[in-house]
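Structures are listed in the sections that come next.
Below are two complexes that have chain A in common, paired first with chain B and then with chain C.
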Partner chain A sequence: MSPTIRDMNNIMDQEEFIRDVTSVYPNKVAKKRLKHIVVKSEGENPEIEANVRTIPGIITQRGCCYAGCKGVVIGPIGDMVHIVHGPIGCSFYAWNTRRNMFRPREDGANYLNYCFSTDMQDSDVIFGGEKKLRQAIQEAHDIFKPKAISVHATCPVGLIGDDIQAVAREMTEKTGTLVIAFNCEGYKGVSQSGGHHIANNKLFENVVGKDDSNPIQDKFVINILGEYNIGGDAWEIERAFAKCGIRIISTFSGDASIDEMRRAHQANLNLVMCHRSINYMAEMMENAFGIPWIKVNFIGVKGMSKSLRKVAKYFDDPELTQKVEQVIAEEEAEAYNLIADHSDRLRGKTAMLFVGGSRAHHYQELFTELGMETTVAGFEFAHRDDYEGRHVLPDVKPDADSRNIEEIRVEQDENRFRPRIPVEQMKELQKEGFLGSYEGMIPEMKHGAMIIDDISHAELEQLILRFKPDVVCSGIKDKYMIEKFGVPSKQLHNYDYSGPYAGFRGAVNFARDIDMMINNPAWKMIKAPWDIEPVLRAETVA
Partner chain B sequence: MLDMTPKEVSERSALRINPAKTCQPIGAMYASLGIHRCLPHSHGSQGCCSYHRSHLTRHYKEPVVASTSSFTEGAAVFGGGPNLRQSLNNIFQVYNPDVVAVHTTCLSETIGDDIPSVVRKAREDGIIPDGKFVIHANTPSYVGSNVTGFSNMVKAMIDYLSSREFGSSKDVNVIPGYVDPADMREIKRMLGELNVSGIVFPDTSDVLDLPMTGSYEMFPKGGTTIEQIMKTGSSGLTISLGAFASEAGGASLESKCGVPFKVLDLPVGVHATDMFVKSILEITGEIRPPASMIDDRGRVMDLMTDMQGYLYGKKVALYGDPDQVIAMTDFLVSMGMRPVYVITGTPGKRFEDRVNRILGNDSSNCLVKASADLFYLHQLIKNGPVDLIIGNTYGKYIARAEDIPFVRYGFPILDRVGHGFFPTFGYRGAMRILTSIINTLLDRVDRDAPEERFELVM
Partner chain C sequence: MKALAEHFVSTTNSCKLCKPLGACLAFRGIEGCVPFLHGSQGCATYMRRYIISHFREPMDIASSSLGEKSAIYGGGPNLKLGLRNLMNKYNPQIVGIATTCLTETIGDDTSRYVTEFCQEFEEFLNFHGRPELVTVSTPSYSGSYMEGFHAAVESVVAKLAKNEAVVDSVNLFPGFISPADTRYLKEILADFGLKATVLPDISETLDAPALAGYEKIPAGGARLNDIRAMGGALASVEFGRSIIGSHTPGNILLQKFHQPLYSSGTPIGLQETDRFFEILEKLSGIPTPEKHALERGRLVDSYIDGHKYVFGQKAVIYGEMDIVIGITSLLVETGMKPVLVATGSSSKNFRNAIEDVCSGILEEFPVVMEDVDFFDIASEIKSLEPNLLLGNSKGHRLSKEMDVPLIRVGFPIHDRFGGHRQFSIGYRGAQNLFDLIVNTLIQRKQDSSDIGYGYI
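After this line comes the complex of A and B, so read on.
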């Protein structure tokens, strides 16, 4: 069995590990990396450096701004045509590789399995690509007549100065189809994170709150923000909410339909799942429409129950509360019953998580439910508030890279702003950290746990060698490296093509999969018999 | 499935839908992995490197390690030279490869970063340790395709490393093309069987088909060594397999070191393999290949004739990278199948000419097109159905939409296994392709047979 945090304290000084692992770097690099690696100690939440440039040449998990915009936030909207303006690769790699699932609505529109690109050639780079983009939008309109078209800029587009915003405006007018352009060139910001922000801004400006027809009268109506329906997560979450009588207008942006997003301002509450990628939207919707938001975590049985209870508390309706409690009782009983068998085999095992900007936090609760311990965790593209909590926001000074990402100030929408709860109550709930608050990952981690931001290939390798975790949760680029060590790796971007992992039933699936990964007898056969003891020459029978 | 695709084909001049190609840098990264102890380096934004590593990993189910210059907006405006310099410094100190193979991206190409001068300066300043190498290829994503990127990186290996000073004229160079490690391994096996000393480069076997041992080596035992690549300049002949991926390398080696070269189709199928084997026999002076190889060939012919009833006259839609598609067209024709749509996303009229030549008189019954995409192919199929689709994983959507049997072939294959171990090259590769085609067609016969016609023996 691998060392738990307690053992790690006894046998190994984390500080020593940190010194060792950073000693392989040139001094300047080591100095920078040291700020990204911290140890949590009792009662103290260390400050961590995050959302700064990855050092060139240091092998990173991170992707680009375009990946955050098109790949993460906008791509999952299934009934829109998403045109990537650039050479073919950017669109090709983001084609059906993220497992954001979508079911078409009544109109049947579904572009999820399509890949659209302007496939820029050298002449477009030399003479400018606007003409080709205009033509591509026209062709998309002519062939598909979609409800809306998005345009995503890739690196060369910004450099050659194509004005994609002007093209979008012009083509919206010409075709009558809404065209939204995103200036998410890959080099912007320091990771995918800048792309999330750009996506939030434009989605808010162009889509959210644009449809007031058919006003929604129900009381218990919400949106779920930052849930991308990987492996069907959103559907499992929706199932539980539906059972409680709570209606979801729109999910941003898993299984999302543009029409539903246009009506999202009619909700009475926003739930924020992935704080990193969507907190901007939550804030803008609060400022413009008066919809409060609550940070939730749908991962883990307890996490799901807690999230449902938060919603019940917010609506403060005895009937709803009773219903929610009844659903929780039923679902928890069923889930725990199914998980028990797995957690018996997982108790005491250790996990490390290096993924995304939320998941490395969200899954810790589920591992705890399985009797496992998270010894080391870190995000790929999170900011300090995701690690330390939103209270640090005033202390975070924007650097040159963050300033390149537009921050939009949203005013009250006079026609659509409506306080959902009395102002006094809202203030009270905000003060107690119930509304509009996120505590971050570090406060929830144990004494002795290590936190590593934007982990490098070399650091991951050393962690495995030194601490021998039972499972490492990461992404596709790390998976097979980790597994060559004989350590199972759970991909938490794509769930290894399994799932759903969210909600009550998702927790059961996750327990089953982790049990399978750790206890698969095949791992024990990696060493061949002759590696274990020498083969003796057989005596031949005379 | 793909319900938005209309049957009517309309002219498109700007919108690419469901491409049958990707961009240059991934091919360059893949080729670089075929050099022993090489770290591929992507000079551009982080996303390129991340996407390429991810996609190669999805296909090979193996770790794919590469570094990036991690451009930010500042680098995009002022040039990425400092990022590359810093990268080289970090790479040699932290990861210690023998060679760094730099490829550019559309970003650094549009800026116009001068890689050689950055590298020269880094060498002068002691950032690149003695005995270590940095090579580079320009791989603008807006020209050609992934195959072009592979070809450009192979050419870079030659331009930087090949020399007339080492090596032997008895050696034969083989540039295997943008193919899987199993195919590169098969080429080496066949060269051994034919008793000829060869240098296969690049060579990703033992790099991207690693055994599970319980330990991880960032630079595993495989890959063509620098010494071997240096020696290629003295070899007696270069065989470039696949015109699109390998011809530029062969030509470059001829002009640099005077090594004659010969371009062959990828040895996929019996005929193309015969041509490859003949070319080797011409070097060794043997009049026949060894008995073991003749037997392998015979077994494929046995299968092709035994099962001809299931193959003959069947209409096939074929797409993918041009070298793979050209060779497969030839194989299909040789077994009496009828390619009716033959498509690549890579630009090149040469592709159309070569396929049409293979089809001969049948070319008028076949639509052959370069710079095409899978949306167009799907529309063609809607207008004239086929019995079988052959191509990379992306075709599964068309196969499902139109309920057509589907054989995976080429790059990438993201949803099945086997390509990591079993070659498509040579007579043995032909057996694998053939069994896969036949069994797929037989599964369909079984699935569709009414109960009274459901047969035990087929």
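After this line comes the complex of A and C, so read on.
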């Protein structure tokens, strides 16, 4: 069994590792990287540098602004046509690759399986691509008659100065279909994170709160923000909420329908799953409509139960609370019963997580439930508040990169603002960190755990060699590199095409998959018998 | 023959990938090489993601990670810093630098930056064993991934190949074939007693064994010294009817060093393979070794045995041009009837090549579509009522909608297992594909029959 943090309890080792791993960089680079690698020690939450420009040439896991906007936040909206304005590659690469799932609504529309592009050519780059874009929007409108169309800019578009906002306005008027343009050129910001922000802004300005017809009278109505329905996660979460009698108006943006997003302002509570990609939306909705938000985590049996209890606490209704407790009792019993067999084989193993802007945090709780320990974790594109908690926000100084992403000020919407709970209670709940708060990943990690932001390939290699984890959770780009070390790797972006992993049943699926992966007999077959010791001996028989 | 469906300006469900992706694939087939994309980091991330989904192997691509500042002031400093970091960590023998939309649009002079880099960091480069730096221009708005692939091979040959000494080997430029095909190709060349430099050679680099330790740059690939010696080789052989007559590596060597060039189609199917073997006989001066003659014989035998299952069956083929041409040739010679051949790219040779491989056997030529997307293919296909589709994974939705089986060939294959281990070229590849086709059709018949076919 590999050494756990407890056995080693040796911050010295981690510090030596950090020295070693950064020593191969040029001095300037080493100095920068040292701020991104920290060790958690008892009672102390170290400061970490995050959300700064990637160092060229280090082979990063990070994507671009376009990936964050089209790929993550907007792409999953299923009844919208998403046109990528640019050369063909960008649209092709974001074609179904994130495995967001969508169930068509009454109109039967589902454009998730399509890949729309203006496929810019030389002449468009030279003479401008607006004409082609206009035509593409017209064609999308004529052929598919979607409820809305999005336009996403790729690198050349911003450089040649195509005014996609003007085209969007013009075509909205001409076709009568809402066209929203996103200036999410790949070179903007430092990672996909900038794209999330751009997507949040435009979605808020153009969609959220635009439909007041059919007011929703129910009390227990919520939105889920930052849940992208990868492998059906949102559906499993929805199942538990439905069982409790809690209605979800809209999920942003897994299994999202544009109509439901338009009515999202009628909810009484927002639950934030992926803080990194959607906290902007939560804040804007709170300012404009008075909807408070709670940070939740649907990963892990306990995580799911805790999240349900938070909702019950917020609504403070004895009947609901009772129902929630009943559902938790039922679901937990079922899930633990199924997980037990797997956790017997997983107890004491170690995991490392390098993924996302929230996932590396969310899955730690589930690993704990499986009896496993997270020794090292880090995000690809998170900011300091995702690591250290939102209380650091006033200390985060905007740099040139973050200033380039528009921050919109949202005023109270006079017609739609409605306090959901009494002001005093609201303040109380905010003060105790229940509403509008996120503690971040680091406070929940153990003494001796290491945190590495925007890990490079070379650092990951050294980690594996030095600390020999039993599983590394990452994405497809690292998976096969990790497995060449003889260490299994679980993709936490696309779940290795499995899932759902969220909610009660998701936790069971995850336990099964991790067990299957770590205990795959093939890992023991890598070395041929003749590489270990001669197995057969020939003897002369008289 | 019908006119091309050209009435849409927008692209819906693209049938091509972007240019720098092809360059990265080609660079991966050189020993000690790390591909490097000069542009926004998203390009490297997306392309790695995509290539890995097909090969299930590590695929490292470095990036200069340009931001807004570089987009305005130029990407030179990032490129140079990126190269230094890469060399410190990876110690490559060669870095293949491909441009992207961003750097092409802002007009970065990548080769000048590289020249400057070599001057500014001479000592540093000496310390790292003077790695080669090859640049290739691959704006995605001009051409598709195969053009990027060929352009990268061309740049490598143009920059590195010399004729300082006569070497008794041949150069082989196979285009984009699978690692399994590449291994088999090398086996064929060895059986003919030919020493050969296959460029690129992804046989090991994109299909490596499970290891207990990781190699930063996977072993294998065309060796640099062999590439450098290419100008002194006996001859060059180049696959791909789509590129014949254009600026190709073989043509560069022909013009520079007057080296004989043999161009042939990608040897998919019996007849295209026969042509390749004729070239090998000529180059080696020996008849086709019995092992291969037997493989050919068995293939023809199976064509006879399987004819009744495939004859007249209508097929649609789509994807990268040279694969499409090869598959069409194979289908025609087995008695099948290609009704539509389509590609997302275009070449002046494509239509002629299709007609050429069909002529003499097929009475009615298939509809030929260039520069199309799946939306165009779908609208054309309905009236043709095909029995079979052949192409990459991106046709699966079409296959499902039409309830017509899809045989996966080419790239990308990410909804089936082992696409990169698939044999497509040579007699062995034809055998594999033919068995697959016959069995797919048989299964279709068996599954849709009420009577059931226990024997067939």
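We adopt the following convention: the second predicted complex is superposed on the first by the 531 of 542 C-alpha atoms of A that agree within 3 Å, B and C clash if a C-alpha of one lies under 4 Å from a C-alpha of the other, contacts with A are read in each partner's own complex, and residues count from 1 in each chain.
Going forward, a residue touches a chain if its C-beta (ideal position, glycine included) is under 8 Å from a C-beta of that chain, and two chains touch if they have at least 3 such contacts.
In this text the structure is predicted, and so the values were computed from the model without any measurement.
*Asks:* Based on the superposition on chain A, does the combination of chain B and chain C result in a clash or a fit?
*Replies:* Superposition check on chain A flags a clash between chain B and chain C.
*Asks:* For A:L159, select first, second, both or neither according to whether it touches chain B, chain C, the two together, or no partner.
*Replies:* both
*Asks:* So, A:I88: does it touch chain B (first), chain C (second), both, or neither?
*Replies:* Both partners.
*Asks:* Once chain A of both complexes is superposed, is A:E424 in touch with chain B (first), chain C (second), both, or neither?
*Replies:* Touch partners of A:E424: none, neither chain B nor chain C.
*Asks:* Go through the superposed model and pick first if A:A458 touches only chain B, second if only chain C, both, or neither.
*Replies:* both
*Asks:* Just to be sure I read the superposition right, which of the two partners does A:E139 touch: chain B = first, chain C = second, or both, or neither?
*Replies:* After superposition on chain A, A:E139 lies in contact with both partners, chain B and chain C.
*Asks:* So, does A:E539 touch the first partner chain B, the second partner chain C, both, or neither?
*Replies:* In the superposition, A:E539 touches no partner, neither chain B nor chain C.
*Asks:* Taking the two structures together, which residues of chain A meet both chain B and chain C?
*Replies:* On chain A, the residues that contact chain B in one structure and chain C in the other are 24-26, 29, 53-67, 83, 86-95, 97, 113-122, 124-125, 132, 135-136, 139-140, 154-156, 158-160, 186-191, 400-401, 404, 457-458, 461, 475-477, 479-481, 483-486, 526-527.
*Asks:* Going by the contact rule at the top, pick out the chain A residues touching chain C in the complex.
*Replies:* 24-26, 29, 53-67, 83, 86-95, 97, 113-122, 124-125, 132, 135-136, 139-140, 154-156, 158-160, 186-192, 400-401, 404, 456-458, 461, 464, 475-477, 479-481, 483-486, 522, 526-527
*Asks:* Given the complex with chain B, which residues does chain A contribute to the contact?
*Replies:* The contact residues of chain A facing chain B are 24-26, 29, 53-67, 83, 86-95, 97, 104, 108-111, 113-122, 124-125, 132-136, 138-140, 142-144, 154-156, 158-160, 185-191, 400-401, 404, 457-458, 461, 475-481, 483-486, 526-527.
*Asks:* Show which residues of chain C lie in contact with chain A when the two form their complex.
*Replies:* It is residues 8-14, 16-21, 36, 39-50, 52-53, 56-71, 78-79, 81-86, 88-89, 100-102, 105-106, 139-142, 144, 208, 210-216, 394, 397 of chain C that touch chain A.
*Asks:* Provide the residue numbers of chain B that touch chain A in the complex, in ascending order.
*Replies:* It comes out as residues 1-4, 6, 10, 12-19, 21-26, 41, 44-48, 50-55, 57-58, 61-76, 83-84, 86-91, 93-95, 105-107, 109-111, 140-143, 145, 210, 212-218, 345, 375, 394, 397.
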